[in-house]
Amino acid sequence: MTPFTALPNNTAAADDAAAPAYTSSELLAAVSCRYLQGTRRVFAGIGLPTLAVALAQKSTSPDIEQVYESGVCGAHPPRLPETIADASLATGAEAILTMPVLFGYVLQGGWIDVGFLGAAQIDRFGSLNSSVIGDWESPDVRLPGSGGAAEVMANSAEVFVVMRRHNPTSFVRELDFCTSPSPRIAREKDPLVPAQGRGVTTVISDLGVLKADETGELCLATVHEGVSAGQVIEATGWPLKVLPGLSVTPAPTAQELDLLRNEIDPGRVYLR
Amino acid sequence: MTPFTALPNNTAAADDAAAPAYTSSELLAAVSCRYLQGTRRVFAGIGLPTLAVALAQKSTSPDIEQVYESGVCGAHPPRLPETIADASLATGAEAILTMPVLFGYVLQGGWIDVGFLGAAQIDRFGSLNSSVIGDWESPDVRLPGSGGAAEVMANSAEVFVVMRRHNPTSFVRELDFCTSPSPRIAREKDPLVPAQGRGVTTVISDLGVLKADETGELCLATVHEGVSAGQVIEATGWPLKVLPGLSVTPAPTAQELDLLRNEIDPGRVYLR
Amino acid sequence: MIQKQYSLQDAVAEFVKDGDTVALEGFTHLIPFAAGHEIIRQGRTGLTLVRMTPDIVADQLVGAGAVDKMIFAFTGNSSVGSLYAIRRAVEAGGPGSLALEEYSHYGLLARYQAGAAGIPFMPVRSYAGSSLPEVNPNLRKVASPFDPGVETYVVPALNPDVAIIHAQRADRHGNIQSWGILGPQQEAAFASKRTIALVEEIVPDEVIRSDPNRTAVPGFAVDAVVEVPYGAHPSFVQGYYDRDNTFYRSWSAISKNPERLEAWLQEWVHDTGDHAGYVAKLGPDFFAPLTPEPHLSTPVNYGSVR
Amino acid sequence: MIQKQYSLQDAVAEFVKDGDTVALEGFTHLIPFAAGHEIIRQGRTGLTLVRMTPDIVADQLVGAGAVDKMIFAFTGNSSVGSLYAIRRAVEAGGPGSLALEEYSHYGLLARYQAGAAGIPFMPVRSYAGSSLPEVNPNLRKVASPFDPGVETYVVPALNPDVAIIHAQRADRHGNIQSWGILGPQQEAAFASKRTIALVEEIVPDEVIRSDPNRTAVPGFAVDAVVEVPYGAHPSFVQGYYDRDNTFYRSWSAISKNPERLEAWLQEWVHDTGDHAGYVAKLGPDFFAPLTPEPHLSTPVNYGSVR
């Protein structure tokens, strides 16, 4: 990841004049954390979301909880888990639910406030493709597939998407395949199937942050330090709208960086 | 219960010449046990079926298992359970399944060979009423209802019914209400719903044993000692057919009585 | 930390309202009698009681006039004899009588499952040929979209206003653990808008976290956790106390006579003031003969990083 | 007593046939690698592999030519990198390529649930607007009979020929106990016509019976129970050994090169002869650094009659 040069950010310019340089991962984690304010339960895999939730727990949102698709709730791992298949996530957790309970009762039951997803492609209204590049029958590249993403999209109150590479092949006008549909396309294609949740409200990329407007369209809300709105528009496959009052993404604060580096991920497992 | 006078029975006349008197409960348990030969899994509540299964385990069918609707499988209670709500059924059991697993996967999944049921009314093809005497909306007598009976009837390979009182108000031409339908009526009323299992194959009453013929009609197979076929026909609300070769129900053997009285239910909890 | 610990009085006052649909669950085991009594004490009316197996606690609630309707699968119990308050209320007929909505066990359980899972209905493998669909419009058929020649009965999702359950233990965050016969408590809790969990004891966090697979309902799905020792009496709590069969056998005679039932409710529910009063009235030696000998599970090793 | 204990060789020989639909389950945890290897050793072909998360073991089975079709929800894993045998087989296209039937997690889990519960289909709360129904005819809609204005997607029951699972322990009767992340093993076992359960150890009956709530699959639903220590390597078994992340990271490079993959299968699967040979080849000290410190559950009291 390219390190960004730290610059005083908008909200904490005075305090952070001496903030150190930060990496893209640190920025993504800190930004994700801020958007989690007021959230109770996050459904996420391992990686940047883990850092964001851990940071929120240690700063703004001590009661926030991460629920893993494996069924683990209220994890208290003695060290940062290396993979979702880390035994330390299970030991000492508050609950390990069965898979029918986790996917049926917790996820479909509407208990998740924010679901974190990644994808190979995202479109203007936040539909995601994680199945295939090219044609499904004879793919150019076979991707892993939905996993739980289709359920997370359909059932979380809102969804955050982290995209490490913002470019026109990932932010596309039209998906090659729609694995996890936005509520908008869901209602359009299957109007009688009740939708719950707002779909993708927030996309955090290496260039900036997109937020959904009232129609669900993803629009540029902030640009990261050193990035221009034009650069983001150029890197986006659809005509990207810019929200009024576009600002620069606040940089990680010294306190956030300290927590991430020295308490949460001292081994730099995810802070690559 | 009326004690029967022991008489030499058909199959073990020589051995059992000196067999002691037995009660109706002992007869019902011993007869039920015999019909369980070859059965692997029985779904039953507490009471006579418990005795029948325990007797089978200690005599003809050591591998037979009783599954309780509470989810307990492979119970090894230190004493005969007094009620289905007996803590001793859970302690030391091989498994306690959740209710969705027990009713969904085990019962609906087709794992039960013989389900034991009782009822207030039974009809010619083995449909059962355990809901109401009179009209459902304004009942003469409100009965407990199905409990698991409807599922046991619909999903066991076959069903045994124990009726302690054989008379025309319990063996009826027409049920007041059909709580647990025979596969015959199920197919007639809901022909597109797949049926599994043969329904009631065996009714053990205080007068004799009815067995289903190839059409599913319950016919008199044996009469208990001292009971005539005419008595049973008179006590039955439909024109009861008699199977060819009607015989006298073999009495409990001395060994069976010994096991029941001295090993299985020394406190005479169910051998009332 | 979100405050989850309540007194039983406060939990019932805050989470159970007149006219609510209340799932009071526990299958022979872990029946939340103490909560039923507190509902009577607080004079709730117009409740729709959902319970797979309405038994003595349901008879008490009906006898006290708290319940207008009962959604159930099996009411009564051979060791109880008849539940006369319920029978009187049903057999009376006409206005003011107890309305019934009748299922079989899995039919009602599947309603909880569908309610918990956010799906509109759940298929079940029963009810073909039954009279129940004639008296219960919630038992309907759907054709399989995979084989037009196949139909299945389905039941609709049920989402009670509040679930009330009892368990052996919880932590202060409301993570509920139980063992022995589990009943439909997990389904009822997830299906309901609010959940009150009574427990025999609130234990240190470390106890719950030493065995996370034992947690049936995670704290986030519990609104109030209430420590109520002996709160399931006269039913039983595996490992804590056995069933009070003497009381069960005595109930039918009490319930048969409306005056006697009223006197019993006055003496054992209203006059005791709260569940601690009820336990005190039972007497200090009451539970000794009902207390089982210890029979512990072999610990399992979850392992920890080296 | 019904004989349930098998060698892995005999269990696979008796219960896994060419052309079978095989559910090989374990969600990150308890993946039955040893059974996958034995299937390769015995040269099975034409299998339909059902697995929510086809990962290295699936890549090995596909690379060995055992699998014609894969029913799945997520294939690959960020810590594995690509599964090249699967990618080659899929991206090849045309005859001889690997057929796919694609779901999301709950869609496939719900197929097991319906298969286990004997119902024709199971409703799920997803797939509206998705492209998946266009490529998978098993994702269909049904109108609710309770509200004609409401539709739901449903998936059909799945009943594999055989389920293969791994667990911590069992008794000789095949009562299977596991803890940690449970995955879809219970559903897969009940949905399948036959079940093979691999366990780290077969323990005395008393151990299993000391904690009956821990039993995920009762003995009657298990056809073969096989004691295979370290049978889940390189995945992990909670409390027994951690995941071999080094192997996971190394796999992509092996799988990328067909000759290297073939050599790996020869060396580690065929030439080892059986799983004991595989473990011996890893060496006597191999598992020491992967073995966790003990972290025991607090025993619960089931109680016993006085």
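We call the chains A, B, C and D, going by the order they appear; numbering starts again at 1 in every chain.
Quick note on the criterion: a residue touches a chain if its C-beta (ideal position, glycine included) is under 8 Å from a C-beta of that chain, and two chains touch if they have at least 3 such contacts.
On a predicted model such as this, the values are computed, not experimentally measured, just so you know.
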item: Neighbouring chains shared between chain B and chain C, ordered by label; value: D
item: Whole-Å separation of chain centres (CA-atom averages), chain C against chain D; value: 36
item: Mean-CA-position distance for chain C and chain A (Å); value: 40
item: Between chain A and chain B, centroid-to-centroid distance (C-alpha), Å; value: 59
item: Where chain A touches two or more other chains at once, by residue number; value: 72, 87, 90-92, 96, 100, 104, 108, 155, 194, 196
item: Overlap residues in chain C, where contacts from two or more other chains coincide; value: 113, 117-120, 124-125, 141, 150, 152, 179-180, 182, 186-187, 210, 213, 238-239, 242, 292, 295, 302-305
item: Each pair of chains that touches, named by its two labels; value: A-C, A-D, B-C, B-D, C-D
item: Sites on chain C touched by chain B in the complex; value: 27-29, 53, 72-79, 86-87, 90-91, 93-94, 102-107, 109, 113, 124-132, 135, 141, 143, 149-153, 179-184, 186-187, 235-236, 238-239, 242-243, 245, 248, 292, 295
item: Of all residues in chain D, those that touch chain C in their complex; value: 114, 117-125, 138, 140-142, 144-147, 150, 152, 154, 156, 168, 177, 179-180, 182, 207, 210-211, 213-214, 238-240, 242, 289, 291-306
item: Chain C partner contacts - residues on chain A that touch it in the complex; value: 40-41, 62-63, 65, 72-74, 76, 78-79, 87-88, 90-97, 101, 104-106, 108-111, 155, 194, 196
item: Chain D residues touching chain B - in the complex, by the definition given at the top; value: 1-2, 113, 116-120, 171, 173, 175, 186-187, 190, 205, 208-210, 212-213, 215, 218-221, 302-305
item: Chain A to chain D touching residues, read off their complex; value: 47, 69-72, 82-87, 90-92, 96, 98-100, 103-104, 107-108, 127, 131, 136-151, 153-155, 175, 177-183, 185-190, 192-196
